[in-house]
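The structures come next, written out as structure tokens.
In the two complexes that follow, subunit A is the common piece, with subunit B as its partner first and subunit C second.
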Partner chain A sequence: MTLTARTDDPPILVVPTESTDSPRVVRRRRLGLWLAVAWLGVVAAAALLADFLPIADPTANVAVGHSAPFTSWPEVLGTDRLGRSVTARLAHGAQISLIVGVLATVFGMVVGVAAGMFAAIWKPVDFFVGALLDSLLAVPGVVLLLALAATMGAGVPQLVLGLALYALPTFARLARGTARVVRHQPYVDAARMIGTRPLRLLTRELLPAVMRPVVAYAVVVLASLMVAEAAVSYLGLGVPPPTPTWGGMISDGQSSLSSAPYLVLVPAMVLFGTVLSIGVIGRWWQSKEATA
Partner chain B sequence: MATLTQSRAGTYRTTRTWSLRLLRLLLVLFIVTFGTTALIALSPGDPAVTIAGDSAPPEVLQAVRDKYGFDDPMIQNWWDWTSSAVRGDLGESDFLQRPVIEVIGERLPITAELTILSMLMTVIVAVPAGLYAAYRRGSWVDRLINAMTSALIAVPSFVIGLVLVLALAIGTGWFPTSNWSYIEEGLGANLTSAFLPALSLALVEIAILTPILRADAVSSLTHDYIALARAKGISTTRLLFRHVLRPSSISLVTLLGLALGRLFGGAIVIEVVFNLPGLGTQLVSAVRDKDLILIQGLVAFIAVLYVVANLVVDLLIPKLYPGTNAS
Partner chain C sequence: MSNSNLAPLLVVDDLTTEFISGGNALPAVRNASFSVDRGRTLGVVGESGSGKSVLIRSIMRLLRASDVRHRGRIVLDGEDLLTMSGPRLRATWGSCMAMVFQDPMTTLHPNHRIGFQVSEALRQHFKISRNEADTRTLELLRSVGIPEPTRRMRQYPYELSGGMRQRVVIAIAIACDPELLLADEPTTALDVTVQAQVLGLLKTHQSQRGMAMILVSHDLAVVSSRTDDLMVMYSGQIVEYGKTATVLNQPLMPYTAALLRSTPSIDKPVKSDLFTIPGEPLPTERFQTGCRFASRCQFASEICISDQPGLTERPDGRRYRCHLPLGSVESSEALKVNLARGKTAAGLPVSEYSVAKGA
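And now, the complex of A and B:
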């Protein structure tokens, strides 16, 4: 099969290469980057402090029926169909999104990099790892998550496992590709010639070089995993209710889409802002890596 | 003499490459089908209880175990499933009391129509947009296209679907908010009901593929033959579509094959958004009903379809772009 990045990924392959940007464009890009960092800071703070902030219990009915954002105090973002605080549900939903996304990215990265590096230096492993990765790629991400939900039930550990499996081929291919380039660099040859043992060569010489693009890539993968988590929660097969999730909030809101569209639009905007911010930071990091 | 040795070595290498690829393909098919078999064996609890229900008496449970061979080793289950699958029998769904292959046959056309329509929409929008953005790079059109694609990429397709419903179905009443009109009910009604779901899927693909084509077209435009074609006085449209598109589209064509998997995955969610009777809604309800045999059949079917589609793309690429290496 053709060796390309994970099919479900945003086009991180396209790194802006023109270096002749006008100062105005550079300033605008820097402003975008700062906005992204600020937004992510707000989301991360909300997730970390959700249990301590003076906000309502996300499962308690604080009002009767839904109300629009900016119409009541202290529920600034309004309440949902069951009168639950949208602010509180968004903050607690951020916990699930971030925990699941970050854990899955880290697991996928660790296993993927290990598999990719062994594949890069050892031919027989390469064949089997390649076939395994192709098999994982053959099952669309959502289908993989649904199949796991069907057999193992819904919950945070299952989601982390499913999303890690979904991210694994991307990391393995990137690590394999980078390691195959790096292993012929003069400094690696030099280390080999002075008699460095293979394992030490792998961890001390190859790994640092492989990790640089991988970590930059991980930011973009995190964004796509958060989207996948939201999709599965939207389908009602993610973390089960009453735990609030962004995808679940969107799904709940869909039944009153014509009378109260804000119940869909508010969580959708938060999801969009977060994914966009992570994407902006990821692309900035990658272009920095590419020019370094 | 030298050429003879060269061509012999070449043939040898090609045969070796192809047999390795074939071996890898077979291995992939084995892993995928074995994985779907393992899904049942690895599910927590007794799969016989899942199928027959909690209150089933022991002799019924034993009958279910015998029927599906749950007491047999996994490799035996795999062989039984695969050998009937190649004969077109994917087992029977216990929940629906119907053969799995019949369910797939009934629901595949809807998912396939969605996938093909969104693929068409993607090509119709992404190709001109990517080429034009490359041709006028740095202009306001290029910046607008860039801004729109980088924003769209961050919107999951189900959110796009809901926003489109809000704007074009609830807002204007031009399109139905949900439900599917079969092609027998007239092509117009059918396409109207398919338009919004297909567009939701296509917008994500457009956002992914336009910048890729643009990047390739930017580098194609620097070649001398472009300047030559220009000097001959051909029009911009002809220049872009005749001389730039073909050399710039190799990543696009490769990614279109991979896009099939993404579209199938996206279609699952989009079918639920619009409540369409396709493979996706069936898979989601099969997961809710814990209909293990149906899940196994659907997952294996989707995976094999994807593997075959990408094989076709891989075979097409050397034909479309002479000079590129098959591997």
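And now, the complex of A and C:
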């Protein structure tokens, strides 16, 4: 009787998939992805096993003065100005880099998503959170970290807190925006109509939908926070010496840049490779998310 | 809770729903009054924009308080829904009244399994263990005719067809044995072949569980065979109300008659023109001195332009909103006058041809 006969296909947006790329591009992209995963695996393993690997103590002087990579055994990557093992310092530095990066991202994500979602639901919270985020955004990241280091001293907890605060506003905005769209979805109304309590609506109905873009974005944030961590260590506001960090190593090597450029180059390459790998994985995830 | 089982389950008394937009109040439903008895099915028909969905959503209290203003009373089982507190309303949703939405593609959460979504409804209202909830979910899915319910429980909505999804939505709606089920065009988004199955399913559960049901549709065929009473809405108003069979066989309001004539019939010759109602429906928010249908009505006479007709009730319970109800002497007189002058009092051209064919 009715004239509107529709198909059973869900009325989703038609998003062009990767099919527009040639097979060669797709193959190359896949190779890049695997290289990224492999490199991250090496870094993560080095960080996890740093204390158990047969490498030198990162703070002990195993040689006199610096030496270039591939010139001595067992210090394949050479030694720094004080004759400390670069291999050992990179491995232990990976611990700090990953711990700080991951913790700051997770804290920023959890607090940011919670704030953003409450802001999306309740007007008074929206005003309060909005004002707070705007004032956070008004403070440049470096200044924020400087202020934290000046008032609370330098250390891993301060670093995590500072970087989390730095990442928080973007997470909050992303979560707020997504939640505001999703809360008008019919399935949220449908859930209300079976008597679902507001908090449960938030966690069961909105959260799963909000987390999809947020998690994809978090990977990109992780990469940028690791760079930020290195930058802060470079400025001497990070974890105090002699604890090895990648940023600290770059900063250290700077003084002998002309005589021993590899002291800057090696940790910088490691940092670059790690951030690039995380970025590649993050992009892949986001594109997968966009077509899903 | 209930005063008496003889009292109507739902009483809507002089309900006006207005949308608040930039300081203006735009009415979408105007002064609606009706009631639904326990175990009965009320059909609501009308064209797009007549206020059917807003009416249903008002009863369900689904519209956000920041967007709308309700006036009047909506009494379910002796309690006014419009003055109900949030927690009380949440207890009512699901267990006392439930809703089946139009589009099953978007009413199920894409990230949760079917089983979870059905048992969620149960666990909101009953203190039962996960296992008990799962057992009842299985029974529910089986009762709405879902094959292999054990397997379906572990599936996600995208793995199910539209018809299957609407069955799941129905299972969720009836999970807590509501006394009133509101179905807002439950089959509009479905394939024609599936429509009959889903409607039959709704009807079966409605009579088995003794639920009252309000079935909204713009499809007369859908309501004609599956409802006890029928309510016709036009431009935000109830224009006709009565037993489904009598309303369809003997409409009193010209709009109902025109709506019936606009339905394609399988008995007519294949190439015959479809009757259409001239003009466009009056937007619900627009103010009108006389009858809201007057500008499109072939019977319109002077009184229809000057005076707004009230909802007249006949002794047999039939209600209509018309100065010149069909079948009355006044009605045929008015048509004669309009034919003689070639147009209605509202200026709509009428001729023998247009009376026979529509515009």
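Assume the second predicted complex is superposed on the first by the 273 of 292 C-alpha atoms of A that agree within 3 Å, B and C clash if a C-alpha of one lies under 4 Å from a C-alpha of the other, contacts with A are read in each partner's own complex, and residues count from 1 in each chain.
Rule of thumb we're sticking to: contacts are C-beta pairs under 8 Å (C-beta built on N, C-alpha and C of every residue); 3 or more make two chains touch, one makes a residue touch a chain.
Remember, predicted model here, so these are calculated numbers, not experimental data.
With both structures placed on the common chain, the touch criterion links A:Val113 to neither subunit B nor subunit C. In the superposition on chain A, the chain among subunit B and subunit C reaching more residues of subunit A is B. Once the two complexes are laid over each other on the shared chain, residue contacts for A:Gly130 go to subunit B alone; subunit C is not touched. Of the two partner chains placed around the shared chain by superposition, neither subunit B nor subunit C is touched by A:Val86. Legend: residue contacts after superposition of the two complexes on their common chain; A:Met249 is shown touching neither subunit B nor subunit C.
Within the superposed three-chain model, A:Ala191 lies in touch with subunit C and out of touch with subunit B [touch as defined at top]. Overlaid on A, the two complexes show subunit B and subunit C touching the same residues of subunit A, namely 1-2, 4, 7-8, 10-11.
Against subunit B, in their complex, subunit A makes its touches with residues 1-2, 4, 7-8, 10-11, 13-14, 17-18, 127-128, 130-132, 134-135, 137-143, 146-147, 149-153, 223, 227, 230-231, 234-237, 250, 254, 257-258, 261, 264-265, 268, 271-272, 275-276, 279. Considering their complex, residues 60, 62, 90-95, 98-99, 101, 103, 105-112, 120-121, 124-125, 158, 161-163, 169, 172-173, 175-176, 187-192, 195, 219-222, 263-264 of subunit C touch subunit A.
Those residues of subunit B lying in contact with subunit A across their complex are 20, 24, 27-28, 31-32, 35-36, 39-40, 42-44, 137, 150-151, 153-156, 158-159, 162-163, 165-166, 170, 177, 207-209, 211-212, 214-215, 251, 254-255, 257-259, 261-262, 264-266, 268-269, 272-273, 283-284, 286-288, 290, 292, 295, 298-299, 302-304, 306-307, 310-311, 313-314, 317. By the touch criterion given at the top, residues 1-2, 4-8, 10-11, 185-187, 189-197, 204-205, 208-209 of subunit A touch subunit C in their complex.
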